[in-house]
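The first chain written gets the first letter, and so on, giving A, B and C; residue counts start at 1 in each chain.
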Amino acid sequence: MNESKPILEAKNLEVRKGGTIILNVPFLLIPKGEILSLIGPNGAGKTTLLQTLSYLFKPFQGEIFFKGEKVNANHSVFEYRRKLAMVFQEPLLFDTTVFDNVASGLKIRRMKKQEIRRIVMEHLDQLGMGHLSHRSARTLSGGEAQRTSLARAFAIQPEVLLLDEPFASLDPPSRESLIEDLERILRQTRTTTIFATHDRLEALRLSDRIAVMNGGKILQIGTPGEVMNHPVDEFVASFVGVETVLTGRVIKRNGGTFVVSISGKEIEAVGEAHLGEAVILCIRPENVTLSIHPSKEATSARNVFLGKIVKITSLGLYQKVQLHCGFPLVAYVTHHSLEELSLREGKEVKVSFKATAIHVVRKKEK
Amino acid sequence: MKINRWIILWGIVFLIFISLMTPVHAQQKTIILATTTSTQDSGLLDLLLPIFEKKTDYFVKTIAVGSGQAMTMGQKGEADVLLVHSPAAEKKFISEGYGMNRRLVMHNDYIIVGPSEDPAKIKGLKSSSESFKKIASAKALFLSRGDNSGTNAKEKDIWKAAGINPEGEKWYQQTGLGMGQTLNVAAEKKGYTLADRGTYLALKKNLGLDILVEGDAILLNIYHVIEVNPAKWPKVNAAGARAFADFMVSKETQEIIKTFGVEKFGSPLFFPDAGKKEEELGK
Amino acid sequence: MVFGYWDLGGVKMDLILEGIKKAFWLLITFDPEVMGITLLSLQVSGTATLVSLLIGISVGTAVALSKFPGRRIVISLINTGMGLPPVVVGLFVTIFLWRNGPLGFFRILYTPTAMIIAQTVIAAPIVMGITLVAIQQLPPKLRLQILALGATRLQMVWILIKEAKLPLLAAVMAGFGGVISEVGASIMVGGNIKGYSRVLTTATVMETSRGNFDIAIALGIILLLMAYFINLILTQIQQRERSR
């Protein structure tokens, strides 16, 4: 699916604002057809990276290559930009009809009226907005407006689509529905897409690769599996949703596994860490199992502890259970399990997780 | 389709404004005549100028301002010819070399008007300075134009002759307005004022003020035409100025002046005097 | 009507009625002098408004969209210019256009052209100031979105101006209103010459000073009517965009 030639390549990108460096990306390569998401907290540099990649923002230094050719002289910047489309968090529609909005990119390119009509209606239908083409943009709901903005972007048939937190302002049902439609269109058209979001579930769902950013830098870039399950450091770990992050030293080694001492308890993990080494253990809450009959259940988990439930928070589909087993631990359970096990704050339960489910971050790894 | 409609609309607008391109008058054919508001308001120039323009192909730009400003325009070379009625200032103008060929054109007169109740009891008096004395002693309301116009200058002369300085007195009010407006203010406030006969006659119907004093020699209002000296200001249209001045004193023009206003007001507004000596007037 | 004594209230009503009757009469009979004066008012003020639109919208948009040292000063100058006293403008334009003044060789003092110049100086800052604010209060990311759609800088500016249509039409009305009603500058630089540079406002002043209040009121009414109709058309355009 991904051709070998990258469609977009950036080298040594640096952006400064008032003397401080707010973006520093030494290298970024995006193959054609890939959907890459940028996740990170506010101020991480996601928007800056998007705007710099589209040359809406001039970098202090660095080069961008589009299909192998360098983008810099004024003329080629303009040509390059015409091959991109960008959608922002706010729809930023023009004060006219839905049709005219979607047609605006095409009018700018001086396309013929017949052609425009055909393309606009096609894309409006694709996003389920065909029946609203004559409506004034002012009368649209949030979801409808954002759909129009997307249709406007798709109408110019961009080679690269850039989205800057496009669903952030929508209510959940609109967001859900729009993500579905967007996914479908992106798979169909195989448009190279870069989108920024601070919702990691969105990223997980739509992306071929995820890049985690903070402080203007890309901390880690890889497939969702890589990033989610093998975060490269604490920050990435916490950002991608690893709730339990523990630091300790290796006290024993057993062939392919080792034991780490944390607050007096011993946790076994898989890996190559040396004796005495300081390591970080990341345990995803989905991988923690809770039960209430310690002796009766056989489990293949090596790590079994007694824990007291400190707090239970509802996260909608899941319940987040915070425990203390000598060290803090977070587990997700279904509502059903909560009921079944009669879990409540203060209760003591058996906690277990497999050694293989622990992701080890060695300080030297970076 | 929508675009075309806009183009048509703007096209029409553009055409309307193209029609604004009034023919630019050749510079040699333009004369700037500085005169006073009361002269213009009499309507005499509206009658005479078209005749002049037709005859000579000149275009006369009449700038009607106060006497003071008219003289200043002449001093600065911003006007080509003056038609004014402030003899003292005119003489100074000539002696300082700004003007030449000062020629007598016509005269009219001023009258003292006021409410028919006449609280200062000046009706029928022959002397204007006496009348002013009586107004002052009665502390009767007097409206002055207070704008350095010819009328204002004449009024000040009379106060001087009466030996009175009315400045600052409560009954002496200065409007700073034109003659017509000042008359209206005087009428409304039932006060006295000095007016030129022409403006008074024009407004008489709706005014409600009576003529109380007239005929005094000092009340004569004498008009001269003066050409601005091209030696001081080479840019003035000397030829045009000469043509206009000649026209004003010509026999045909003087005839027209003689009968101007008779039809409308029963008596002429001006008395033609070209060729006479200033001292002879009023007898 | 009048029995030698004035009744203030009665006279004023009478005068206004006389004025209305006169206005009606002058219009119905297409009195040529009044028609000429009205047409000239429209031409002079209309041209001045158009020119000041061109200057005002381009400068206003340029200042709104760019950053440069001294920008604040320029903006406060524009805002001050919005309230320039017309007579002061008239005075300065006159001094420049005097025969012996710096631009005297153009010989345009006491012409409608001079009036257009003066009125443009009065209206341009008004249009500039309103345009400035109109463009500034568009969503800041809109500029980026337009560029991201592939627009050239020129296309972007044009689209932004279209987006600000509502306040910009208000700017047109403000500019036009300011100059159609102004008299100080027009009298000074135009000279109020009959059949040549006399417009409704200057004619009204002249008739008032002559004491011909009925004619003055009539001219005033005609001026109001004309201003109303023009603004009616402009308002239609402005509000029609609203309801779409």
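Definition applied: a contact is a pair of C-beta atoms (placed from the backbone, for glycine too) under 8 Å apart; a residue touches a chain by one contact, two chains touch by 3 or more.
Bear in mind that the values here come from a model prediction, so they are computed numbers and not experimental data.
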item	value
Innermost chain, where centres are averages of C-alpha coordinates	C
Most widely separated chain from chain C, with each centre as the mean of CA atoms	A
Euclidean distance of C-alpha centroids - chain B vs chain C, Å	31
Inter-centroid spacing, chain C versus chain A (mean Cα positions, whole Å)	57
Chain centre separation (chain A, chain B; CA means) in Å	88
Chain A residues touching chain C - in the complex, by the definition given at the top	51, 54, 56, 78, 81-82, 84-86, 88, 90, 92, 94-97, 104-105, 108-109, 136, 152, 156, 162
Footprint of chain A on chain C - complex, ascending	139, 141-142, 144-145, 147-152, 155, 159, 162-163, 165, 241, 244
Residue ranges of chain B touching chain C (in the complex, touch as defined)	13, 16-17, 19-20, 22, 27, 30, 32, 37, 41, 46, 61-64, 76-78, 116, 177-181, 183-184, 187-188, 190, 199, 202-203, 206, 208, 233, 235
List of chain C residues in touch with chain B within their complex	2, 4-6, 8, 42-44, 46-47, 50, 98-100, 104, 107, 109-110, 112, 191-194, 196, 206, 208-213
